[in-house]
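Presented sequentially are two complexes of chain A, the first with chain B as partner and the second with chain C.
Here is the complex of A and B:
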């Protein structure tokens, strides 16, 4: 039983990070109908920012959590303003290709300026793990699971009840109608990218001590976030969170009880099954009705 | 007029004489050799998960070549390095073909680890280009024996495996059960095969778990080790994989484990990941770890000067191997008596004794290498290393079993 609990906790830890990554992707998609494939690169920049704050400048750890999200949010909003706004009338493939290459460009820029294999970032908490009935848990693990999930819930609430959140939802439902209600497309789109970037930045800060900072982090985050988003339902914030947790836990359980070599394979198997069985995702916000 | 046999013999002799006068100029046209330069081609990953092998390969070779050229080069010619990025098997084969067929290099260096070496193996045997396998432990590049393929500091897996297992028994430690945590990609799998064979032959109890390349979550594997009462763990993978596995083991309460790492994980970069890494052991392919003595400190200073700033975790095993191996190539070229044909070069290389940086005034950071006509493995020695006060140190040399 203790063994199962350890496996579930590990799955939840990675699942919470996947959820945060998926949430940023879904926020941008929901408001702007753009799948942002540069999202992983934003998370990598967030992780790098936490390396700079914690290791390079040796500032207090909490400053990484405070400074990184707005910083990466501003970077994302600027990219929306400079690159994606001129492409707004282009077809969907042009925009998708633009985000793919934007992600590659950001990753390569990082690699060229900081030519190293992996930058290690220490955890926010140090010390011995808690032991409860044979189940070990560190403060770091608790912080990642609880912190990431609290932020996810806060984001859902902001999207549901905040003024700009309402604007994004209105824009997602009907752009023309939202404009007639007085919402500015430019402002709402920019805020959606800011929020998506901030979420990616936060995911980067959470993941930095768990995975280190490397160019590969960009791919790891976008793959996990994308799969979690599709599993949960790409139009559903709640689905992104649940999809992330489900993905993390499934990977962990498969590795523990089927084969450790199956860990990566299970995410794609899950994606395939969901797309075949429920293409709208497991927790969609809109309900399909037979007419 | 009818021509008799004498006339034909005279013609044949005249043709032979003509050929002998033409031969020296033909020799000067050997691929990759000009009056001023000798071009060496090399492949290795400069980006991606195995860039920690290829990038130091390029930098170590460049440092040695700059030093050799500053002293006048070899046989009155400067050495020139054409380094191609290659990560996947397809990229590796394409890069090797480009270097041989388009760039027409004199010799080829595989600074790419087992993946690239395995991909290029058949091709380099087929075309016969002199090839130096710097880092590949895979048997695919080593077997069958080929007169044009040489291997340097990285010992065959059959030699590394007993060395690795032997580290569990240092200082009177007696492991009850060994957990083997191995990557599913080429080079850990090559070592794993030999490790399993050795463990079975010695009737040592062990448990095997595997992980994918660049894995960061090892909970399931570690939980399995805990269930099987493993008290010692061997990790076959990169420093980042090993670092996160050990970090997670401590978070799961796995205390008093003896950790032994494959040579590719023995790097300074593992220490910041783990925090307190003291007591972790592994083998190193050079006689001293960076920072351990004046020679390697001088090497580090020269590399830092060349790179501008030293990336985290560098210099590593691969910087030092590439540097030492480049001097071995220079020794082999010198041994031709400056008759720069590939045949003379292969003959010279096959008779090298104790070659390395020392013979040409370089820094002696690698084990000296010796070759024979029938044995192209230059080195059989390993350095047993342990982390003390946050720094790796080689504490004994493991000789060939």
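Here is the complex of A and C:
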């Protein structure tokens, strides 16, 4: 039982990070109907910003959490302004292509500035782990699980009750109608990208001590975030959080009890199964209308 | 285009590949090597034009498909000593299987989900190759022996260039025939407007599957060609990054022509060789290049070059519709009035007791109507009366809960929309649904309805050699265009026409297959007042000359009243009145439906 508990805790840790990554992806998709394939690169930049603050400049750790989200958020909003806005009338094909290559460009820009394979970032907490009946949990792990999930829930509340959240939902269901009601498309889209970028950046700060900063991180985060989003139905914030946790725990279980090669495949397996049999996701926001 | 010129245009891409090969043979080893790998990328680029450019499917699996081709031919040679050419053929087969596997989920998704599904295929393939160490050598890679065919062992760079160049030219030739021919056009139609494509016999899933298979066969072939030249195969060189950069080939080169694949594949593969001093920046440069291209030159470099050439020749704006298109014969026919209803004409289309519910809404309630042979029947009614539902049931885009729809004795309800054209039923669309990328002539050729995948491939071959099928298709299409007054605009892209002319084009597309019934869905909605009368005259003339019956759904009552010989009026899902236009419009029930006039008054 103790072993299972350990596996579940490890899964929840990754799951919480995936949830945060998926949430940013879903927020952008909900408001703008665009899936941002550069999202993983934003998370990687967030992890890099955490490295700069904590290792390079030796500033207090909390500053990484405070500075990174607005910084990456601004980068994302700027990209929305420069690249996505001119493409607003283009079809989904074009937008997906643009964000895929945008992600590559950002990863490469990072690789060129810091020509190393991997940058290590220490954890925020280094104290003694908590032990309970043979199950131990480091302070860092507890912080990641609790911190990431609290932020996720805060985002859901913001989206549900905030004025801009309402604007984003209005945009998503009917752009013209929302414009007529006085919402500015430009402002709402930009804010959605800001919010998505900020969440990706935060996911990056949380994941930096776990996996370090590398170009691979961006592909790992976009894959996991996308799969978690699909599991949740891609338009449901709660679904994205549950999807992230489900994905993290499944990976952890597969790695512990089957094989580590399966760990890499499990997210693809989940994606495939959900897309083929339940494309509306396991936790859909609304019941699909039958027309 | 004259016949020799068309043949030359079809052969040109393959000749360019052959020319590059011959030009490279006297050079040093290094340029020979560069030309050989560029030619392999040209095959990849040309293959991806089919899938990414024409079918507009995003694939992130090109790397794994290339790996499948490379490993198939190489492992057969290593483990079983299979001769090179048979290994190549086997790579074609595994490539086709891979394409078909990707197409299984691939035809169900678009955009981001398709990108992700192909990424799954890519990742799983690479994991499998890495894990199957005993077979594939795993992550360390495996040495590929020098190929030999007919006693000729291919070792030197010159040998490789010759082998790769000749076989690639063949592959490019095949792809050119498909891209330029009916297959490529139908694929563009399927990607551009699924509903219209289905209505004219193009099965969208079948075409997308064919696009996945053909492009995968091409990419796998390229992989197998390059494998012995690469010498050591390892899974990492076929990873996600490789896939993403191959995706860039058709986008940067140009999506709608085979030249885009040549330019994108060859160009992007050769460029790094010139960028050696700044090799570190090449990925960043490529990614930025793609973003710039999709933002500012969606047609890629081919479009850029085409515009440059046009500008040099003094046509800066490209093709434009003539301000006063010739509308031959329309004025002459403007005085035509409906023929008297043929007495005792046999019923052609019979709708009986058709029911359709949407939840609690009884959209169509025991509806019935009859269109006689050669007749023009109108279906009118206020918004929400159920006209569109009934029309969609007849055209096959909506299923009926109950009832009977028979065309000349054949029940239509079980048939998919694309099967109706074979019986002699075609349609037009309320929101014009022309294939904007294609010329007017090609739009009408698609309207002939012989659009099965295999038929289209056969037609493509015929087009290449200007064979009898092509001459006939063009002749029939030109006649149909002439009948609607658009013969002068045959070469114009349909998307560049005015709305009125697009409606005419839809009519040409609907009549070219010599149908017995046309379903017209609001044929004058959005058309300027002056053109409405011309369209009416045109429809009457077509009805009189070609004996084509028509079922018209329309809101413009004066238009319907002057076009049709009989009308049915729908209200709240049921047929409330029928008869000749004059009788029907005078009926109290109809006046009440439209004007709320009290029946008693």
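Definition applied: the second predicted complex is superposed on the first by the 288 of 291 C-alpha atoms of A that agree within 3 Å, B and C clash if a C-alpha of one lies under 4 Å from a C-alpha of the other, contacts with A are read in each partner's own complex, and residues count from 1 in each chain.
Keep this in mind: contacts are C-beta pairs under 8 Å (C-beta built on N, C-alpha and C of every residue); 3 or more make two chains touch, one makes a residue touch a chain.
These numbers come from a predicted model, not from an experiment.
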{"item": "Joint occupancy of chain A by chain B and chain C, clash or fit", "value": "clash"}
{"item": "Contacts of A:261 with chain B and chain C, given as first, second, both or neither", "value": "both"}
{"item": "Which superposed partner A:14 touches (first chain B, second chain C, both, neither)", "value": "first"}
{"item": "Touched partner set for A:102, first chain B, second chain C, both or neither", "value": "second"}
{"item": "Which of chain B and chain C A:93 touches, first, second, both or neither", "value": "second"}
{"item": "Chain B versus chain C as contact partner of A:276, first or second or both or neither", "value": "second"}
{"item": "Contacts of A:211 with chain B and chain C, given as first, second, both or neither", "value": "first"}
{"item": "Chain A residues contacted in one complex by chain B, in the other by chain C", "value": "115, 261, 264"}
{"item": "Residues of chain B that touch chain A when the two form their complex", "value": "47-49, 51-52, 55, 184, 209-212, 214-217, 219-221, 223-224, 226-227, 239-240, 243-244, 248, 251-253, 269, 272-273, 275, 311-314"}
{"item": "Sites on chain A touched by chain C in the complex", "value": "35, 37, 83, 86-87, 90, 92-94, 96-98, 100-102, 104-105, 108-109, 112, 115, 219, 223, 226-227, 230, 261, 264-265, 268, 271-272, 275-276, 279, 290-291"}
{"item": "Complex contact set, residues of chain A against chain B", "value": "3, 6-7, 10-11, 14, 111, 115-120, 122, 126, 129, 131, 136, 138, 140-141, 210-212, 214-216, 220, 251-252, 255-257, 260-261, 263-264"}
{"item": "Touch list for chain C against partner chain A, complex", "value": "56, 58, 60, 105, 108-113, 115-117, 119-120, 123-124, 127, 131, 240-241, 244, 247-248, 251, 280-281, 283-284, 286-288, 290-291, 294-295, 298, 358-359"}
